[in-house]
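One structure, as structure tokens, below. Some questions next.
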Amino acid sequence: MDSLTKPTQPTAPHGYTPEKEALRKRLNRIEGQVRGVARMVDEDKYCIDILTQISAINAALHKVSLQLVEDHIGHCVVGAAEESIQSGDASIVQDKISEATAAISRLLR
Amino acid sequence: MDSLTKPTQPTAPHGYTPEKEALRKRLNRIEGQVRGVARMVDEDKYCIDILTQISAINAALHKVSLQLVEDHIGHCVVGAAEESIQSGDASIVQDKISEATAAISRLLR
Amino acid sequence: MDSLTKPTQPTAPHGYTPEKEALRKRLNRIEGQVRGVARMVDEDKYCIDILTQISAINAALHKVSLQLVEDHIGHCVVGAAEESIQSGDASIVQDKISEATAAISRLLR
Amino acid sequence: MDSLTKPTQPTAPHGYTPEKEALRKRLNRIEGQVRGVARMVDEDKYCIDILTQISAINAALHKVSLQLVEDHIGHCVVGAAEESIQSGDASIVQDKISEATAAISRLLR
């Protein structure tokens, strides 16, 4: 096998690149949801209905985060594992794993 | 005391109305943050940096949610408590409390 | 109406008292779940299966938290609203609401 | 390099094994914290103080979860990456990554 993480194009450096279109769509939708909440505030909508919309935005952001975490592990961490194997230097993959865990920790807060 | 929850103007029906300006500013900023994340995806920024930005949006949304929860308890729940006291019907405030707890539960998920 | 928050017995000072039995049962079960996770670690169970159990504990703790939040709003906040109405001092209920919101904020983190 | 994930002893099959002692200590402490909350309920302690203790338990469980996630990525995922590289079968590491992402998703909820 050449590589588990070989980018399909030279200009596609990150793990999420193949899912870029889907990610952009999700983010556009979230932007629209945030604007919708601002409009609800302008129109003096009921606070509980606004909170329900915010919970929907939270859930949509979680999906984006998980997509990025999955892509990061699948590409950056696995790529670093390959590099560590080739070079014999385990610290390359260790650094990526620490970075990923720190990002997951920030999401859990 | 006239009322704990008397609206300052007749057109200000909800608890968050006095903080409307501040809420709108926070929501505008969040909208900009979401747009910033979309731009980072377009520009192939590093996934961990995107995740850090999403954690910042999560935190900003939590602040908006808490503001709304506080205003809801302070106005709608307390207003319903007054109504329950005046009418002798405890179900008025009970309904508002159940509604608030359900909204908090959705935020915790 | 006598009171929305009148304790049924003089020795039952807090909102959660009527649900004490149910709360204790939930907490006993959670204690057992934590012990179960410790046993899984001892027996070298698969990390993903341990994480699944921890997610179940998180969900169970959220239910306990929500019960306490609901009881707190229903008894302490509503009781403070009554006191504020009787005394004309809105700060009594305001203090309880700030305290409740701070507790909800800690749960959301 | 022999292996990035070579277990130090033949009977230590999982990633968290080197940290087993630390994990057990954390879990023992969490069990004590849950028992402490049960005692607070028995003694009719103030609901807000109980909620503060529950937030501390949530934070302690998050730390245990993150330790397990980090160990899982560092051992099971990286080990599967090595296997995928040796066998040329990318599905081995893909399966582990999907499993890890699903576990993280359950933690975020």
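We call the chains A, B, C and D, going by the order they appear; numbering starts again at 1 in every chain.
Keep in mind that, in the parts below, contacts are C-beta pairs under 8 Å (C-beta built on N, C-alpha and C of every residue); 3 or more make two chains touch, one makes a residue touch a chain.
None of these values were measured; they are calculated from a predicted model.
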{"item": "Over-half contact-pair match to A-D, picked out of the listed pairs B-C, C-D or A-B", "value": "B-C"}
{"item": "Whole-Å gap separating subunit C and subunit D, where each centre is the average of the chain's CA atoms", "value": "25"}
{"item": "Centroid distance [mean C-alpha coordinates] between subunit C and subunit B, Å", "value": "21"}
{"item": "Gap in Å, rounded to a whole number, between the CA centres of subunit D and subunit B", "value": "33"}
{"item": "Multi-chain contact sites of subunit B, meaning residues that touch two or more partners", "value": "65, 69, 100, 107, 109"}
{"item": "Contact graph of the chains (line, ring, star, complete, other)", "value": "ring"}
{"item": "Residues on subunit C engaged by subunit B in the complex (per definition of touch)", "value": "1, 4, 62, 65-66, 69-70, 73-74, 77-78, 81-82, 84-85, 88, 90, 93-94, 97-98, 100-101, 104-105, 107-109"}
{"item": "Complex interface listing, subunit C residues touching subunit D", "value": "11-17, 20, 23-24, 27-28, 30-31, 34-35, 37-38, 41-42, 44-48, 50-52, 54-55, 57-59, 61, 64-65, 68-69, 71-72, 76, 99-100, 103, 106-107, 109"}
